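Below are the structure tokens for one structure; questions will follow.
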Amino acid sequence: MAGERPQLRIGLIGTGFMGKTHVFGFAAAQRVFDLPYELVRHTVADRTEDLAAQAAQALGFARASGDWRRLVEDPEIDVIDITAPNAFHKEMALAAIAAGKHVYCEKPLAPLAADARQMAEAAEAAGVRTQVGFNYLCNPLLALAREMIREGELGEIRSYRGIHAEDYMADAESPFTFRHDPVGGGALADLGSHALATAEFLLGSVEQVLGDSVTVIASRPDSGGGRRTVEVDDIGRAFLRFANGASGSIEASWVATGRKMQHDFEVYGTKGALVFSQERFNELHFYNTSDPGGRRGFRRIEAGPDHDPYGLFCVAPGHQLGFNDLKAIEVARFVDAIAGKRDEFFGFRAGQRIQEVVEAIQGSARERKWLRTG
Amino acid sequence: MAGERPQLRIGLIGTGFMGKTHVFGFAAAQRVFDLPYELVRHTVADRTEDLAAQAAQALGFARASGDWRRLVEDPEIDVIDITAPNAFHKEMALAAIAAGKHVYCEKPLAPLAADARQMAEAAEAAGVRTQVGFNYLCNPLLALAREMIREGELGEIRSYRGIHAEDYMADAESPFTFRHDPVGGGALADLGSHALATAEFLLGSVEQVLGDSVTVIASRPDSGGGRRTVEVDDIGRAFLRFANGASGSIEASWVATGRKMQHDFEVYGTKGALVFSQERFNELHFYNTSDPGGRRGFRRIEAGPDHDPYGLFCVAPGHQLGFNDLKAIEVARFVDAIAGKRDEFFGFRAGQRIQEVVEAIQGSARERKWLRTG
Amino acid sequence: MAGERPQLRIGLIGTGFMGKTHVFGFAAAQRVFDLPYELVRHTVADRTEDLAAQAAQALGFARASGDWRRLVEDPEIDVIDITAPNAFHKEMALAAIAAGKHVYCEKPLAPLAADARQMAEAAEAAGVRTQVGFNYLCNPLLALAREMIREGELGEIRSYRGIHAEDYMADAESPFTFRHDPVGGGALADLGSHALATAEFLLGSVEQVLGDSVTVIASRPDSGGGRRTVEVDDIGRAFLRFANGASGSIEASWVATGRKMQHDFEVYGTKGALVFSQERFNELHFYNTSDPGGRRGFRRIEAGPDHDPYGLFCVAPGHQLGFNDLKAIEVARFVDAIAGKRDEFFGFRAGQRIQEVVEAIQGSARERKWLRTG
Amino acid sequence: MAGERPQLRIGLIGTGFMGKTHVFGFAAAQRVFDLPYELVRHTVADRTEDLAAQAAQALGFARASGDWRRLVEDPEIDVIDITAPNAFHKEMALAAIAAGKHVYCEKPLAPLAADARQMAEAAEAAGVRTQVGFNYLCNPLLALAREMIREGELGEIRSYRGIHAEDYMADAESPFTFRHDPVGGGALADLGSHALATAEFLLGSVEQVLGDSVTVIASRPDSGGGRRTVEVDDIGRAFLRFANGASGSIEASWVATGRKMQHDFEVYGTKGALVFSQERFNELHFYNTSDPGGRRGFRRIEAGPDHDPYGLFCVAPGHQLGFNDLKAIEVARFVDAIAGKRDEFFGFRAGQRIQEVVEAIQGSARERKWLRTG
């Protein structure tokens, strides 16, 4: 029974928005899924002992620490969950892997692809399981889209268009942050990585890219009361060539006034097409050329129990999943991978791939020529 | 060839918005369709000789008259087209019928169903062809909807919901007009008649009704600088029982703030459903229960050459018809009926039916009980 | 701090879909909100000791019982949460109230309004807090809609249209269940109650109704292999008169092929309008007559941190809440009411009101005349 | 009055779909607009005398000719309207210009930009008026969009995304046509030219481009029963830099399965954004950052009399224009330019620009580097 399942003890590093979201995910996954482990919130780490102690209480962890290394060293902990700033991902992950822990890491895996590769290789060498937090991929309708593409329901795939646009950096007076750091920063790395992850999730590997990079807001206020020049992109674009022969494009923007979550894609094949918008992520639109004449059209498929694992959240269609539910699915995917019940859903290798494509696009935009990825 | 086709000479009574729209319709129908007749703009009548002469020049009629009876008496004229105010429809139509003319009359056919019935009976006795101007019915996608319903693509029809809501009377300071006349006025007669025409066009006869009638704006400015009490409905509603066994409802409102053309319907059958909005009248949404599991959804069918007679207007799908195109189709339907090539599309009998249902709903709302129609 | 907050010990009766959903709600509410109590899953009751024990383990309750009365009698339990079949709501709730417990009860409160009234009166006499599970009302955008209506952003409200349509009973071979029980069953009671709850939540009290009731599927398979005649409505409709002077209508259907969650409303006022669909419940469409000419239109407002308590779930707009999140909000509303931090959100009196309106509509449909509610 | 206005005598070359559409446009423009001229269908030319005679009768021209040069030489003709295949545009237009005629020419102006430039220069030297048939630009809502952009309602424009995707060449068995001609053919030239025309219409000149060109279907059936290799693009893409400082992208595809008229754009500025789809071309979606907090969203503006010249077609909003109405507006724009009442709407210079940008993109795709346009 449930009580007999082994424990999976989690050490969480970082207690900001994403840390909290992960804890939601653990709790919801535990309740919703029939997981092979009992998830135990073992220890949480933050920058100071006090902060960690507060977080432990707020988030339901048994212990707290002001030093993340204590978690890595703790033999009782099975999984290290990293939601600390991107700049620390590599060091933390490598230490955790070295200690034989499974590692769950927020996206982006690392500011540089070379670092991400090192992390992926270390994980593989150590035989631990990893997961990168591209939670939009956990949408049951994206699983459906992938299945339809793989099973040939769209025929041969010809083209792809992906977007991830928001407006949260549209204000020229919004301050310079780590997201504007010349190493690892920019809209493409931050948001375009989602668009690329979706593209590779659906169509497989992107082989060549031609990039475009635009800095719209030349400087932003820094913490010292002055302004700091921005070197990274506010808008990143790329043309793509997939290994499967399809061509496509992606665009990332964080200055798209009015857009809150335009994570959209369109896939066109010889037999059909799919259109999706994260703005209405409980819907997938499907065109089927084999529908009878005069009756063809894009069909609005609403998420429901036919689309696993929706039915675990809700027994009836139309009720809709929310953002936090996607995180719970992500957790469950990871736990299943740890238990050997399924392959890694989107592990460090996949995260490294995304980082490589991001860098290829950035390099291509700088060098103004097509580049191969990876 | 085209030049050898016989002439159909038209006498137009009334030169307002609808008169002009009809002339657009004649001209467009002549160009777009391979009509059995050459349409000739013969004579136009208005209230005075001067107005008529101006209209003749503006609208391309050969002759003009300040007396509509001259058109009725003119043996050269084949068709009398009535776009004068509703109050005159009966007198004009009966005179035209008596003179053996075919009659094209704007909706509503007459303020009172008894009058409409008299007109329909006269036309049948005289053997002339008639048409009432419910042009939304001429949408190729409504023809598709009717065909799908009749051919059983939706299975047995269970329920219907129709709406016609606009906001052009929403301002309490918009003046009292003939549309507020206690005889023949009101939102149900004006707009609800469209909703009922669509309902009967799609599902057949409405047999019983239970009405609701609301006057929202108690008085409106009259032309004398005072205010006049409004007795007619600003909102009319009804529950319906169709002869085919389905139940349904309609609603009419001219105080629906923000709505410009909410002429919508939803039809639910055992095997499928249709959802339509005149706000996007080049689309019909179709749900088919026989689509495979996990792939079902409302399908957005875009109007195209598969949907006759769209292809006469445009060789490719997606280009879209406009309101004036619907009027051209209406004209063509009428001309074909005159030539005996098809049944009357929506003749005086159909117009009478709508008027009867309107009155049944009004009576039902007054008497607060279910009534049979017709 | 969090740890010092008093406990609120919950006894759950019923462990089906709704029981599980409630437990999700407790857990999520505890994490997401800064609640005045620590929610403790104390005891769960099911029909047998075994079932209860299994549920306790699965749902995280400390104790289990095969007899719900044990929970009511347990002095350690503060709240009785009833998700058992409707027929038991009254007995359980009255017992819990008599024992001084706060009561959280799934909708509908009781099959008969008289029973609901008795429950509401008992709760008021005992001074306990109550909540009925109309969770769609917990949508932050419904709170926005209500605020906009109350603050006059739409001007004087003129009309309302509400729908709750699904297709889960559309198959004539779906079996006869308690939802078809002549006492308390039918689409109006099951789904129309949601439409009515939303209507009263937004516009206030419904005073008069004129009902329509249709049984589409005359008989359904019973458990004995035969068929049982259905007496309740598959489609219920009503015209409404609100105390605020507005008129409106609602429709409930569980045979609306293709519809999974058409819980929609439209509100029209003198200054603006709102249009909402539960099919896309993270959006609210707002028309504002004071927008400048040529720039007016229905505005798609996406849920975000501006719409309390969305921001507690997610720091950024556009991420979207799911169905289970609405349940968490419902729990938080109830806990706040218990703590005296706010009025009952939708207590037994409100639930009684809905039941009264449902019965008034049912009675009106039978008697074929307008009836006053309550 | 109307009868006194001077005649503008038209000579039409070409009687296919576009020729017919132009005649619709003349007729409709004459009726709908208060034009400074009376449009006279003088002579029509086709490949043979017989075909021309048939067309004259069908389309209402007084005379016919099997030789287009006769029209150019005819001193009675004021305007030459060219709807013949693209390959003939240059020769015909130059002859017409040399004869002092105004010239109306379907898009694309010429297969090569150099030819288009020669045509534009000739027209300017001769002082005649010209128009290229980019009729989507004649949408009243595109005029609104341009006005909003120019008047600063969106603030400073930052980015643009344009698409023109259809599926009419998606079938690998659809035959090789002139649209696949290596000179002037391809999806970018055919459909992308629309996307570019819209982009320049709204934001002004495109200065630099980086192109991408993909041939999806390697060969198509030729008329001889074999297959012919396709050298042109089925999908064309480009990154753009506008003279106003904005960046953007366009995509053209004629293999976008399911798409019939995805001529879409999105414009993002510092103060607002516009989103448009030709699939619903009577709507424009507008986001305004100065709307109050919690009330912001994309606003669906429906075309109406506020949006000139919609009101000439229809007195009320929501009725909607169709594709053929856009052509009538195009004709009226041209006639007004001939009369000196307004500047050329989209003359040969503008057409040349589009051709130059198309070629720059094609060249950029070949050379795999950024190129300046024009």
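All chains are identified by letter, namely A, B, C and D, in their written order; residue positions are counted from 1 within each chain.
Simple rule for what comes next: contacts are C-beta pairs under 8 Å (C-beta built on N, C-alpha and C of every residue); 3 or more make two chains touch, one makes a residue touch a chain.
Each chain and its UniProt protein: A, B, C, D = 1-carboxy-3-chloro-3,4-dihydroxycyclo hexa-1,5-diene dehydrogenase.
In this text the structure is predicted, and so the values were computed from the model without any measurement.
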| item | value |
| --- | --- |
| Required minimum of steps from subunit B to subunit C, each step between chains that touch | 1 |
| Chain pair, B-D or A-B, that carries the greater number of C-beta contacts | B-D |
| Chain whose Cα centroid lies at the greatest distance from that of subunit D | C |
| Intercentroid distance (Cα basis), subunit D paired with subunit B, Å | 35 |
| Intercentroid distance (Cα basis), subunit B paired with subunit A, Å | 54 |
| Of all residues in subunit D, the ones touching two or more other chains | 259, 296-298, 302, 304 |
| Interfacial residue positions of subunit A with respect to subunit D in the complex | 154, 158-159, 161, 170, 172, 210, 212, 214, 216, 235, 237, 239, 247, 249, 251, 253, 255-259, 266, 268-273, 287, 289, 296-298, 368-370 |
| Residues of subunit B touching subunit A in the complex | 144, 283, 285-286, 288, 291, 293-302, 304, 306-307 |
| Residues of subunit A touching subunit C in the complex | 1-3, 17, 23-24, 27-28, 31-32, 54, 57-60, 166, 168, 259-261, 278-281, 302, 304, 313-325 |
